[in-house]
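Written out below as structure tokens is the structure these notes cover.
Chain lettering (A, B, C and D) follows the sequence in which the chains are written, and residue indices restart at 1 in each chain.
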Amino acid sequence: MEPWRTAIVEASDGTIRLRGHDVTSLMTERTFTDTIFLLHRSRLPSDAERALFDAILSSVADHGSGAPSCAAARLAISGNRSSVSAAIAAGILAVGDEHGGAGSGCMEMLAAGLERASRESLSIEQCAVKVVTEHRAIGKRVAGLGHRVHSKDPRTPVLFDLARQHGLAGDGIQLMQAIGAEVVKQVKPMTINVDGALAAVLYDMGFEPTFARLIFIIGRVAGLTAEVMEELTRERPMRIRIPVNYDGEGGGTSSESE
Amino acid sequence: MEPWRTAIVEASDGTIRLRGHDVTSLMTERTFTDTIFLLHRSRLPSDAERALFDAILSSVADHGSGAPSCAAARLAISGNRSSVSAAIAAGILAVGDEHGGAGSGCMEMLAAGLERASRESLSIEQCAVKVVTEHRAIGKRVAGLGHRVHSKDPRTPVLFDLARQHGLAGDGIQLMQAIGAEVVKQVKPMTINVDGALAAVLYDMGFEPTFARLIFIIGRVAGLTAEVMEELTRERPMRIRIPVNYDGEGGGTSSESE
Amino acid sequence: MEPWRTAIVEASDGTIRLRGHDVTSLMTERTFTDTIFLLHRSRLPSDAERALFDAILSSVADHGSGAPSCAAARLAISGNRSSVSAAIAAGILAVGDEHGGAGSGCMEMLAAGLERASRESLSIEQCAVKVVTEHRAIGKRVAGLGHRVHSKDPRTPVLFDLARQHGLAGDGIQLMQAIGAEVVKQVKPMTINVDGALAAVLYDMGFEPTFARLIFIIGRVAGLTAEVMEELTRERPMRIRIPVNYDGEGGGTSSESE
Amino acid sequence: MEPWRTAIVEASDGTIRLRGHDVTSLMTERTFTDTIFLLHRSRLPSDAERALFDAILSSVADHGSGAPSCAAARLAISGNRSSVSAAIAAGILAVGDEHGGAGSGCMEMLAAGLERASRESLSIEQCAVKVVTEHRAIGKRVAGLGHRVHSKDPRTPVLFDLARQHGLAGDGIQLMQAIGAEVVKQVKPMTINVDGALAAVLYDMGFEPTFARLIFIIGRVAGLTAEVMEELTRERPMRIRIPVNYDGEGGGTSSESE
């Protein structure tokens, strides 16, 4: 087999370099957030970029033990107490389009909208009207809006304000806010949720859509590790019993699980 | 890199051989259960062995949507609808010592007990008394006994009877039953559960302890695939809300999850 | 939380029913393959359906240690020797559109093609010409064709012949073969691979496209368990060293991995 | 089902609190590393603790594409291009006692050694002699020593120096270094590797052994996300072919994988 090629890490006896930066200098002079940024952008962040990254990562670290990611991790460690790797992995596997992954679709929507605005010489507001109208016409939900718990997601204005204070706000945030306002006008009050907020900020920082999902996972692993430890130290093995009703062939009575 | 070595599959243009058997003859002349046995024993099963394998695999295929494995798979597909691989993997990750994995520990207990019975010239019954007494002395649960739902696990007598009918019952089943009876005498009524039953049968069939966990996983994947499909086709994305109470720093009110 | 609903398993003290069938009767009177079929179709298979299922499951059980699924499982157990669940899950996670999952896309292609043939009163052959021509026009690969190892996949004629012998062959197999022949004519010789073959057979048996991926996973878990055991029993921990060349910022020399 | 209890996150309309801290203040005033520390210690870190955490997290972020974790993630995304969650999870599943998990065992060794030193009034050096001698007597490897690539792991002195500069160095580091020196004397030159180094530092910071594995996973996810993106953007699907030699029943020729 030919060796694989990589531009990420170079390691030889006594030396480890990440994207050309010696790991020992990253360890002493830089934060973990800098290392995350470096791994994905091949350069260190500015102070502004670091501030936004820190805010995004903390914003998605955890939102409660009952979210699919946290609950899946807890179920896994409840039945399989000897592997924290397995439980954390189970938690990550629940992250997808519907949970933690809407940011990617939202970045694609922003990119397509802005590309079109430029091509058709539309204002951001005109573009937002078109985006919302066309989603409604085909019955598709606009990504990045609405939250089961929050009528106003408290993380969104923090991310947008930080981006503005640090001079990183651009068309992405503007379009996302215009789309949010247009949905309120055409449909009903819906908050721009954290997925929509981080998507807009990451777009303005120059990231590709897939990165919205990756940064969610990096942040969420912090919470998953805490959830797994709490389950392991506070609760008995197999303490979780999800109640189930059988409504299939020949049934009628309630059913319990093993 | 040197090539890896393997004694499982040999594939070249137009030919695939599993443990030396052409895959096309397995496909036309053998059952999937035969292939599972072949992959793990490097020979095809006898009719008796096939019957026991079929019974074990069906016995653990599913026991209800609320078991950690099935519930973790459902949570994963609920948040991440686009990957059935991810959801099935999440379900398997909940299989461990406490859920679906007790059979391995039970096989080790049987092997150690029988080795000692032989060394110390104990009868099976004397051996069972020692095993139970010593577990109680150190406060350790005897593997393979008790079930949250079943006062008598219906799968156990079926496996033991099948093994006897097919001439495969040996010291493993005898010792497991003696241990079960001794626990009833010394402690309280407890059923030999399916983990204990399949452990005894697999021991008598000559398998290593780890295989008890592997056969559970092979069987359970059948159920996990059905659970994932049911969640995908009958339920809305993100429909699962695990209720959570916050009892930490500065709290007091109920908390919802995202 | 309201109880979840399910039509798969009903369990209560002393009883376990899968799709209305007592698990003890499945264990004594039926094969594991029957249980798999039952879980997904809510009825037991005919002899013909069982024969096809057995053939499909054995056909995909394993194709060599170096396939992404098997290699990922081996890497996982090489670094994490204490969890077979984790390693098997890692193997399943490598199953997707490109590996083991092409059958789902292929079933969708067959369904769309046959629906159109019916709507536009096309013969199967005319339909195949359109499918291939249109794929070529947009530069999309036709699903279910070609194999890295096999110029003629030996599993394909076995599946098609079995389906015909058992009276289960229908339009799906016919269209798949016509598409295969048309690609040979328009492009180059390419074998109908096992993904294309099982897709056609499952279509004719009345399954939904997603099931092609599920049955691949069920079958492949048999092989993954054997691959994991071989790595665990024959090889040292961390024996795998993938050679890597660094070609990024400031590099030039070869790089080793930890 | 009774609600689950948690002391990690409290969320209600418009508010999210992590361990009693409002997420919006964490986002604006704190780093991601602070949030990680908070989630696991229920308080914010001192400047010294943050510096150590940043250094540990960056030290394990990545060490090359060929490590089991990174290679398993690459194999998964190579076969299953549509799920980055699945690939990152596969990478985590390769983390265990042999890869990235030695720190936990090392912390247990340090805790047991220091507890004994205190009980038997041994000096750190006397304790180190006993630890090494007893490992050798039973043929067990001392955790946290040796590295496949590094004769001197460059990350270790950085971590130990940082701990000393920040006044966080204690008996854990002292014992780890004494054990390292004793192995050099009794056996052969072996470097204290990053697992041994972070174990000693985390012990002195008051963490439980399991946390060594968790912090490795949190740090490594940063690298895994970059490895997955590189595979996705630079390489073709299924480009990885692990070469395999068949040496089983009836074989002799080389075997290729699918």
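FYI, contacts are C-beta pairs under 8 Å (C-beta built on N, C-alpha and C of every residue); 3 or more make two chains touch, one makes a residue touch a chain.
Note that the structure is predicted; figures quoted are calculated from it, not measured.
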item: Classification of the chain C:chain D interface as same or different, half of numbers criterion; value: same
item: Most widely separated chain from chain B, with each centre as the mean of CA atoms; value: A
item: Selected pair, out of B-C, B-D or C-D, that shares over half of its residue contact pairs with A-B; value: C-D
item: Pair with more cross-chain C-beta pairs in contact, given A-C and A-D; value: A-D
item: Superposing rotation of chain B relative to chain C, computed on C-alpha atoms, to nearest 5°; value: 180
item: Inter-chain centre distance, chain A versus chain D - centres from mean C-alpha coordinates, in Å; value: 24
item: Computed distance of Cα centres, chain D from chain C, in Å; value: 36
item: Averaged-CA centre spacing for the pair chain C and chain A, given as whole angstrom; value: 31
item: Shared-contact residues (touching 2 or more other chains) in chain B; value: 1, 3-9, 11-12, 63-66, 80, 82-83, 85-86, 89-90, 93, 95-96, 101, 149, 240-244, 255-258
item: Touching residues on chain C, where the partner in the complex is chain A; value: 1, 3-12, 17, 19-20, 42, 80, 82-83, 85-86, 89, 93, 242-251, 253-258
item: Chain B to chain C touching residues, read off their complex; value: 1, 4-9, 11-16, 18, 23-24, 26-28, 30-36, 39-40, 53-55, 57-59, 61-66, 74, 83-86, 88-90, 92-93, 95-96, 101, 149-152, 154-155, 158-159, 162, 210-211, 213-214, 217-219, 221-223, 225-230, 232, 234, 240-243
item: Chain C partner contacts - residues on chain D that touch it in the complex; value: 1, 3, 63-72, 75-76, 78-83, 86-87, 89-90, 93-101, 147-149, 237-238, 240-244, 255-258
